[in-house]
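Before anything else, here is the set of structures, which you'll find just below.
Below are two complexes that have chain A in common, paired first with chain B and then with chain C.
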Partner chain A sequence: MLRTEIELAEESFLTDDFLRQLINVGEVDILVGLPTHNNAKTIGSIVHTIQSGILRGFPRERAVIINADGGSRDGTPELVTGVSIDDVRPSSNLYALRTLHSISTKYASSPESGIAFRTILAAAELLRAKACVLMSPESANIEPEWLSKLLGPIYRDGLDLVTPTYRRHKFEGLLITNLLYPMTRALYGLRIREAYAPEFGFSGRLGSQFLGQNIWNDGTGEAGVELRFTLAAIAGKYRICQSFLGEKIHVERHAADLVPVLRQTVGALFSALEPDFPVWSVVAGSQPAPTTGADQEVLLEPLRVNRKRLREMFSTGVAELESVFQSILSPTTVAELQRIALMGEEDFHYPAELWVKTVYEFAASYQKSVISRDHIIQALAPLFRGRVVTFLMENRNASAGGVENNIEALCLEFERLKPYLLELWEFRE
Partner chain B sequence: MREMIISELSQALQEIARGFAHYLPRLIVMLILAAVGWVIAFVAKVVLRSILRLVKFDKLSENAGASQLLSKAALPSATEILSRFVFWVAWLGFILLGVSVLGILGLQEQVARFFLFLPRLFVAMFILFFGLLAASFFSRAALLAAVNANVPSPRVLSLALRSIIIVFVLSIVFEELGLAEQTMLVAFGIAFGAMMLGLAIAFGMGGRDLARRFLEKKIVRGKKEENEDELSPL
Partner chain C sequence: MPLNRDALWYKDAIIYQFHVRTFHDSNGDGIGDFQGLEEKLDYLQELGISALWLMPFFPSPLRDDGYDIADYNTVHSSYGTLEDFRKLLSSAHDREIRVIIEMVLNHTSDQHPWFQESRSSKDNPRRDWYVWSDTDTRYKGARIIFLDTETSNWAWDPISKSFYWHRFFSHQPDLNYDNPDVREQMWNVMKFWLEMGVDGFRLDAVPYLVEREGTNCENLPETHTILKELRRKLDENFPGRMLLAEANQWPADLRPYFGDGDEFHMAFHFPLMPRMFMGLKLEDRKPITEILQQTPEIPASCQWSLFLRNHDELTLEMVTDMERDYMYDTYAESKTMRLNLGIRRRLAPLLDNDRRRMELMNGMLMSLPGTPIIYYGDEIGMGDNINLGDRNGVRTPMQWDGGLNGGFSAAAPERLYAPLIQDPVYGYPAVNVLRQRASEHSLLNWMRSIISVRKSTGVFGRGSIEFLYPANHRILAYVRRLGNEAVLVVNNLSSTAQAVELDLRRYKGNIPIEMFGRNMFPRVGDVPYLLTMGPYQFYWFRLKRI
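And now, the complex of A and B:
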């Protein structure tokens, strides 16, 4: 044991101080990973909730909270390590039978989700954690039960990955419903609703297997590593399930900048397709993933959205980026896009088939690197806005069931056109 | 008199014969060098062409925008041009080496200058190619960023950036080649200054309304529109 630790200390990218702290903790059953960067406003209550969740769900287990901090300047790490479990006990009347450790390490001076996750995985491997969970510091409504829901199936039932499902507004998570979910489902054959999740549970063995992959050194593992993790679990035929957590509320509800989000998600998905080709090329159709709780709940209250602006950005993009699209897309697809870009606001319709072909052609061009890969991802942004307009119009008055039916129809279109992607993949110059 | 003429003629003929005998081996050496050079240059061309095809140089050239320029000028692909260029430079090098063996005064100096010029020529070509590549990359990056930020006239912005980089690269290339350095410096200054002035006037006069609308949109209505677009992609 001591020898292994010394070897790890010599070879590891973890700091000596962090390694010392980990060695002091010893082996654990449960590990909670908490990547942070300037989250002082919320981190205190989140750590309280995590501690409460551990006390309620796993009072007999050896547990640790690992905070991987990306250079916070607001004292976030001190808040994580400073929260006492005694603050939780009086309110909830809960008692842990073991010491609950909270340790923090600064992995870099700026936030890098990939390095943060790698740090947590390395800590989990060193501590031989049986079940781990990654929690988001931005979840405004995290509940203690989330820990049991994400960790329970792993610790008690021997599963390897638990991804969440949420109660969402029908117009939230449009990149997930229009691209990530249908495409991962069609390609990898498993219906994982939130393949790119801010919080999820995983087994120590899955974490160790992923830690040993090449993606950390080839530059592809930095952005969207959470998605790569889910895809690696599917590709590796690990046991996966989904767990319904309830409503998801972010601390700040402003729309994230689309391009960085596309890099983290679509970029990560496209990057994974090349090494995973032997896996996804032989998959046909899709299977549902086992789910505890509700499959997916949809909120329907009215939401004000500037569709006109989105459509204008689509039309401008199609007109201005013609030369870029000619490098990425087939002439037929470019012509179709130009045709719909000229449509009026009420007639505007970006059909599912054209959207799927667009995405598949982007994926194939990404693999062939016809131009800079980052430029390919950026060029998708205006087209995604166009697809969003159609989705908003199609589901303007739709019920929860209607929205689900439309998403299902899109998923089936992705599955139906999968041979088109294979054709592009194998024969495109 | 007659004998004198015959004697002078025979002497001249002997000198020509001696001179020819003196130069003949050198001429043969030159021809051998030219022949060997052709073979080596041909092999170099074939090898280079294969390597360039293997590394997909034509794709790189397409990305740099060089392929479009070549096709507009009805020229072969970038791989073919570079292969042929190497062939001719290599063969010409051998021919000039052969010529220098002839020992013709004055010519040797020119040959030496040619060989000294070769590295500069290669550096200039290198700068030109990667300059075009950089121009293409950065102009496309600017175009994409402008489109995604909803900036007005993104293509003008991209084209302006591309032109500036190309003008800058060309001035470096000419300086490297040592061709009309002073003229190029002045021309670059004038072209660059004119471009900046043109852009300023174009934006100030032609884009006055556009700029006002843009600023109004950003400052006055920006917040409202942002709120209306509050759709989280994730």
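And now, the complex of A and C:
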């Protein structure tokens, strides 16, 4: 008994100061989670927008903004808590019936989205929040209406998860269109376009259920936990819908390296496959998710992408990582990759079937840990670049409908080849 | 026994409001009367009441519960005689209970002889005692107050073939205060009652005395001039008497009614009351602290009067549209509970008959800055009857016992001026004075207790207020101070238990003594003072430096 108590004490990850703040807030209806790290330039206007969204969409509800900060050195937390509702009111003619709290906690000295999300989930559970939304400080064009679009279906209609859809350029979100969306859809059977979204709404009960899972202590909960959250909702048969938010503009930032992004996304997806095997192994085909507003909108303005460099990185990767690929991939797949790596720029083509088999073989090898899992994810990077080249070429002159048709075709290919993954999985020992 | 001579008596008073008709019937005609009221003065004294506010008891066609007066210089025969009133006055004073009566300055009944004369001919000497017009287009800026029944502030008089001005019901023509004879006559009316011994007037509808084109005809400077003149005459001739303003206005607009201490002694704080209900429902102190922050300082001799419920609807004029919608949705789901811009319900039904909430609301009433007014029957948690029209549902007979007619009258039940509340929860067999007197922990005895504690110190009636703003917004906390005396009040507006940390460093070294049980709490130190509070609990601590 004593041992259990000590373990529980050790597991506590919320500071006393944060707990004190939560006590003062008390039970809430609406909780807005805002993970930050050095967002001082934009956070003030984002908090204003969030407050406006709460006052417009949920004027009578008890609401709180929870800022989980990853060690900002630019005063971000102070800016979050310093924004007054009175600053919002004069310009927007909004009036708050209630006290609207903004509280902040520093969960670590460096940003970890998983810990930030866990902190927000813990706050939601302690405050018994009915509907929660995670907002990204990286969004440059948050609108007050986003709050209603992401929270409304949960608070008013009893849904458990609302993921966004956006108006995107046809060459934006290539990892989503070429891997995350088609693979989650094929495996879990639900067509969630943005399964790893920067902002999404969720119910308190879903948050509590996820908070109680083991992923936080097994090392898989730190990266890409938001994707795991979506997958857990699908696997748990929670009620899910999508809500169209419009265009999404990120604040200016350096382009993220591909490998860390793959770790957070593809790594999280692969990690989920083993515990979720009983769920996805019996799913055939896929169903559309209910969506409010437009399904998805595609922008077609010309965009310069250096296809040549991408193809060179693919070819170099295939050559340099041959021994790694031999551990991960089947001989047939390795041979095919080597064949297309030699193709000229105009002839280059990484076909959908080969791409799907590549991904599935990576997933199976990841599960078997044939080599270090992190190395497996790193090895996927050059191959993904090769697939991107083909996607860019195929859709170079495509209309919005044409792009969507191509994405749909890839999704169907993932669904068609799902037995191949199952076969690999059964022989994973 | 002579009354104490403190000129500021109204600051310490506990006022009890009622209509004589509703209280007790001594002659078995089904209508309460002065003699019946006199018989119940011991009850009021025992409760701790120090002033009565009697609603209009003048002769009247009673189309607006007596606010349509047909003769200012006597009493309605249903309630007794002028002599009965004099006797009541004397008996009340013997018990140290003052008597405040209603005075409707703004308008009369259309049955008043003055109006009958005025309408009779355009040449009549009293023609100009009322506001007449050949058109109904003047004073367009004035709002219509009784939206549910009136479509204009002008009414056509077929006798004099002119329109007359009325801010309330069309059977209540407004007096013309631009006429010096009217002003003189109304002072004479007040003098009549003051000479008899009444201790003060609740002056009804004072913002509307004067009309001017291009204005909203409310709160005009000319109105204040008239009121100041009345006050001057009062002070000169009857020192120690009191004027209480009924002006349903925002605090900033109310402030001029205090003048420099030379207009009204007291005024109702109308905007606070709905916000107390709102704060309770929202479980958030914001509406209360916000309106009190907007409340201006008033002269030292002046006082706010506070109330939870009264004879009218719970008025929602002084709230925003959003707040009004919220109040309707949360306190008056059924449209039959709504009247004009308000909710026609009593305290207990509004609070779901929840004893803890009733105690908390009364606790705030007694501890916020001002003089509390208790509406008759709320001290025992009486219910209402929304099936009775207008505001009559909150004006039913007082429930004295579980016997015939609740002890109100010996008349046959069908002869009562209004039926008693009879439902199983609030009906007189369940809710009555006799029963609650016998029960140590009844609401009635609790009310006696809190009134007694309030009266044990002058700090609540006369002290300053300093709000504490603990991070827990469900807690409304403030310190009342008067001289060396300080009382800490902490209210939990929440339906659940709460912890709160109070910054009491200014009072370091003081020992909080809980005023009801007189128990000591830990001494105040440097660290935040932690209190845990049950649902809807409140504390009053005397801060003692020992």
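One rule holds for everything that comes next: the second predicted complex is superposed on the first by the 413 of 429 C-alpha atoms of A that agree within 3 Å, B and C clash if a C-alpha of one lies under 4 Å from a C-alpha of the other, contacts with A are read in each partner's own complex, and residues count from 1 in each chain.
Here, contacts are C-beta pairs under 8 Å (C-beta built on N, C-alpha and C of every residue); 3 or more make two chains touch, one makes a residue touch a chain.
Remember, it's a predicted structure, so these values are computed and weren't measured experimentally.
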**Prompt:** What is the contact status of A:Pro59 with respect to chain B (first) and chain C (second): first, second, both, or neither?
**Reply:** second
**Request:** Check whether A:Thr99 is in contact with chain B, with chain C, with both or with neither, and answer first, second, both or neither.
**Result:** second
**Request:** Name the contact category of A:Gly212: first (chain B only), second (chain C only), both, or neither.
**Result:** neither
**Request:** Tell me which partner A:Gln21 touches in the superposition: chain B (first), chain C (second), both or neither.
**Result:** second
**Request:** Between chain B and chain C, point out the one touching more chain A residues.
**Result:** B
**Asked** Once the shared chain is lined up, is A:Ser372 touching chain B (first), chain C (second), both, or neither of them?
**Response** first
**Complete:** chain A contact set shared between chain B and chain C covers none
**Request:** Give every residue of chain A touching chain C within the complex, in rising order.
**Result:** 20-21, 23-24, 26-27, 59-60, 62, 95-99, 101
**Prompt:** What residues of chain B sit close enough to touch chain A in their complex?
**Reply:** 59, 63, 137, 140-141, 143-148, 150, 154-155, 225-226, 228-234
**Request:** Provide the residue numbers of chain A that touch chain B in the complex, in ascending order.
**Result:** 171-176, 196, 250, 253-256, 258-259, 261-262, 265, 303-306, 309-310, 313, 316-317, 320-321, 324, 370-372, 375, 378-379, 381-382, 384, 388
**Request:** Using the touch rule from the top, collect the residues of chain C that touch chain A in their complex.
**Result:** 278, 282-287, 320, 322-323, 326, 470-474, 494, 496, 498-501
